[in-house]
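Which chain is which? They are A, B, C and D, in the order written, and residues in each are numbered from 1.
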Amino acid sequence: MNKLAPQKRIQVKEEACIGCRLCEFYCAAEHHPSKDLLKAFGPGRERPRGRVRVVEEGPVSFALVCRHCDEPLCVFACVSGAMERDPETGKVIHDPERCVGCLSCVLACTNGTILWDEKRGVVAKCDLCPGREVPACVAGCPNEALILSE
Amino acid sequence: MKNLRTFNNPYRDDKVFEGCAIFALLNQAGKNVSGEPVFRAIANMRNRGNGLGGGFAVYGIYPEYAEHYALHVMYDDPAAREEVECYLKDRFDIAEEEEVPTRKTPAVSHPPQVFRYFLKPRAGWMDDVTEDERMIRAVMDINTGIKDAFVFSSGKNMGVFKGVGHPETMAEYFRLDEYRGYLWTAHSRFPTNSRAWWGGAHPFSILDWTVIHNGEVSSYGINRRYLEMFGYACTLETDTEVLAYIVDLLARRQRLPMSLVTKIMAPPLWEEIERMKEPERSELIKLRQVYGSLLVNGPFAVVIAHHGEMIGLNDRIRLRPMTAGIGGENLYISSEEASIRLVCPELDEFWSPQGGDPIVGKVKLETPALHVPVRPLVSDEDRAGLKVGGLI
Amino acid sequence: MLPEINSQLPILNPQPPTGEVAQVDARGLDYRELNRRVDDLLASGAGEIEIRGVHGQRYIASRIRRPVNFRIHGTPGNDLAAFSDGVRLEVFGDAQDGVGNTMNSGEIIVHGRAGDIVGMGMRGGRIFIRDEVGYRTAIHMKEYREQRPVIVIGVMGQDFLGEYMAGGVVVILNLPPRNPKSFSRPPAFIGTGIHGGKIFFRGKLEPYQTGKEVGFDCPDEKEKELLNGIIRDYSNYFSQNLDHVIPDDFLKLYPKNLRPYGRLYAY
Amino acid sequence: MKSYLPAEFIIERNEDRCIRCLACVRQCGFETHVYDAEEDSLLSKEELCVGCLRCVTICPTRALTVRTNPSEPRPNANWTREHLRDVARQAESGGVILTGSGNDKPIRSYWDHLYLNASQVTNPSIDPLREPMELRTYLGKKPDTFNPGDAKTRESECSNVRIETPLLFSAMSFGAISLQAMQSLAQAASEYGTLFNTGEGGLPSELVDYGKSAIVQCASGRFGVNWEYLNNSAIVEIKIGQGAKPGIGGHLPGEKVLAKVAETRMIPMGTDALSPAPQHDIYSIEDLSMLIYALKEATNYRKPISVKIAAVHNAAAIATGMVRAGADMIVIDGIRGGTGAAPKLIRDHVGIPIELALAAVDSRLREEGIRNWASLVAAGGFRSAADVIKAIALGADAVYLGTAALVAMGCTICQKCYTGICNWGICTNRPELAKRLNPDVAARRLENLLRAWSLEIKEILGGMGVNAIESLRGNRLQLRGVGLEEWELRVLGVKGAGE
């Protein structure tokens, strides 16, 4: 794979992650049609899922989120061509329309950042919030445990 | 009435704040000795003072006038001298008067004049009270009434020499190397303010009682108010002054033995008293009940001296250092052992008493060499003085 | 991670003292001059320093951080070896207040008595005082990892020995005092506020003599071994026969609680 | 025993806005919020709430409101709500009431009665945005005269320490505050060219590189004090007392002495770290001198030695003594000074306001002719640059910021520092709480505060028509009092407004 310009990615600082899980909520809302927390999670509504996940063990907690690898194993593993690396930006993008739900990418990813969307039968992963300068999780993190870096 | 605190406590603090070094020497045989070891010893503790006060009390220096009160008076202004001498001539028979001899000492700047008078109260002036009470009245009158005059000391056959400077400087200035005494106390002062007033240095004195003190009397406020009930005017607003008055009140006026006076100033803790046997237990309970206001609290190490006796005392939990040594005929008390060892390397005895446990040094009365009148603790003359309600 | 404290010290001269003894006459010197002279001698390679005629100079050996031997004759002043780290210092005479104040390591041996607050806040090393000591010995002495301070007192300490003690070992041999006037009443308030360390006291104590935070026990076998070693060292240092002093005579004083004031407050 | 104490706060949750993210549940170290999964409901145990507003701040939909419990006992001006609470707490525990932070009583703030001057007509004001404005300050003893030929005068015995703004961070010890908090202070101070203060808990190994920006304390517990600590510093400070608790010592409970704290303090884990009330080698002024020179000897006269006391009745006399004892810098901490833990009785009733103490000390040092011998630093509840400017005009060389720095980091002054739980990660050592303070963020916030206050100081200087801080220092003509009595004006050494 040809080397590309350095990719912007979300850097996770475990020592600053406070385990509030707000990144999960901001992500889910951002990927909800309403792009609004209250509308996405309002009473009686079906709760959307985010593409970032906080794991915790005692005082240790951090967010699992796609690293947009330079050599993405998920892209190699994808059987349907749904997972692609944008040659322009270096972003690893997933196209749910082409996804067949084989979970090969989930098995291939060494970071555990591709999530299974049971309801839709496809996988979901971080897309760095197209249309936003800073991804929603980064903007919402109260302790700058998530940083957008080159 | 003149306000002495404008000299000694110019900022009107609660009291004068200071720290220091103390040293004392008693020749227990009553022999008059040179003060040279005392000068060296106190100079060795230079780090404890800051050069803003030094002084000495010496006993046995005026044997030729042993029956006269030796009044050391300091004058900041020659006019004050005229006024004082006028006051004295009206009330006392003055056997001798002279300026205290001094030596030109570079480190001493703007010294006041210091004069001494050997005198006795004249018949017809306040005959109804003892001579001591009359002497005290004169001291209080001069100190509170005559501007620019201050009495350093007023006892018989003893004197206080003090001023602004390191103590060794004061010794040189007052030519103390030319005196011999059987009891020397020395003080190096670390006052927090620099208002250079010679009267503010230690020792503090009333009659032949002198006090040198290291520490701060935290109970000063109430000690002072209690003493004021008995007519003591705490004109200098310094905690050391109250120590002198406490001893005067208890030992001289109320006739309590020194062993009890020290137990009033630094009583045992209640817990300890409860463990004591009768009658000691009841006696101490009584003492604390009666004299609670004279408990001297806070850190202190003090040497109280009068003719024939020197007492070193610490506060109850020994917050200030004090050590004692005996070498030959001499008893030494010092803030630091090194000073004693400097002047007497081979000591027969050495100890650091526990808090509240006095170091008592007495001149052995049978010693023929003693030329000093040692006053008995209780005299009829003194007893009469008790009838006078107050001093002022 | 922090490396071991001692290994962190840049030791100028890692070799043990060469035995080359530099002499200093302290008479007439103030402490700054004396200590500067010592610095100069060390800089020029002296391995051992003998100071004579000491009369109250303060802070001797207080900024030395290498294993230098000092032999001091006279009466050193306050804060002897304060903040020191690794010196071995022998005093032939009495010492004053503040011996080994906040000392980190090393050894001080006093052939005589010492004044108040011996080993205040001391964290490591050993202090041996042949005779008695003043008030507040080992106040707030503490230990840290391999640094375990030891104070050995030949005679007895005055009140408040081991106050606030937070670590280390104090041993009181209770030998006959040089002058009983220093102990007109039995010392009290031993171990007031103790919350670490141990005090080994030879002889008997009345309950009132100790703080209420103190527990009593007999030394166990390991502690007896420690005591035997200390007794042996004391006999050697001061050339005294201590055959009559045996570990079984000692009372162990220990903190009943690591948190003596835990119940003082309303949360 | 059944407690009679009502909840201090009530929590209102706007159900329409709550999205069940449970951030409030996760973020409350006091475990006030509870989620009932069965009912899908959120409950609040209000009696546990300390009012720190962490949940309110973190709630992504602003669904929470925390208010003082409006249930009032019968109004009583004498038996206030606070008195009732305290008596009940003591009846239930038999203990001394502890508290954290500074005095919260309505002590007269003299800052609020002092007004600053500005240039009009007779001299021009200066525009600090375009023209030079100097805040650089040197801390330490200055010689009485400058003798060009004398190398010793030139270097002065103790070299001075340079700070770029007269704002220093107060002593807050590691153990009382988290490593993250201390790192934030160290980082901000070193970036901005000023100093932080280690307090008495030693310097954590992670921060040894910040030694150049550290005032290291030597207090009664002597925790972590050794040769390296003393020599890896800008200034060594002897702590005699602090404004929040004059006359008593410190007490870091064993629960807070975790591995890292134990290492830094050089004590075993889990033991109480007790700082005795006095330093047991200082019982008198000549003893202070002894410790000052012990530290000078140990640091070979390379470090200025500071002495910090609480503002008490005779502060002026004590301060002159401290200067004469050899202190190169003296710190006076007023009654509003903060703390991690103090008996409430002492915090609220012992000491005097910094304004009066500072004025008295500066005046006395000048009367004694020794003001140059030491720098004077004021501390105790500085809330704004205005307070700082007034302090400098009264005579301070610099001020210590404690509570203001904590607030910049997130503190809401809930006064529960002594519990060891701090939802903001500042005054705690529990790792899951301490990590809530990201030093990169907090240091930036602190630097911003320094920058903002420095700018404000410059603005005021410009308005007064001076362009160097030394023209304000001790310049009491730039102050006028309003609503003060004669004695207060006298102590402050300022004229009444209009005079």
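By our rule, a contact is a pair of C-beta atoms (placed from the backbone, for glycine too) under 8 Å apart; a residue touches a chain by one contact, two chains touch by 3 or more.
Computed from a predicted structure; not experimentally measured.
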item	value
Chain occupying the middle, per Cα centroid	D
Separation of mean Cα positions, subunit D and subunit C [Å, integer]	36
CA centroid of subunit B to CA centroid of subunit D, Å	45
CA centroid of subunit A to CA centroid of subunit B, Å	87
In subunit C, residues with contacts to at least two other chains	31, 58, 78, 97
For subunit B, residues that touch 2 or more chains besides their own	47
Pairwise touch network: line, ring, star, complete, or other	other
Touch relationships between chains, expressed as pairs	A-D, B-C, B-D, C-D
Contacting residues of subunit A [partner subunit D, same complex]	13, 15-22, 25-26, 37-38, 40-43, 58-59, 61, 140, 142-145
For the subunit B and subunit D complex, residues of the former touching the latter	11, 13-14, 17-21, 47-50, 190-194, 214-216, 299, 319-320
Partner subunit C, residues of subunit D touching it in the complex	89-90, 92-98, 205, 220-222, 225-228, 230, 251, 253-254, 262-263, 266-268, 270-274, 276, 280-281, 290-291, 293-295, 297-300, 343, 418-419
Subunit B-touching residues of subunit D, taken from the complex the two chains share	283-287, 289-290, 293, 313-314, 316-318, 320-321, 324-325, 364, 367-370
Touching residues on subunit D, where the partner in the complex is subunit A	15-17, 19-23, 26-27, 57-58, 60-61, 425, 430-432, 435-438, 440-441
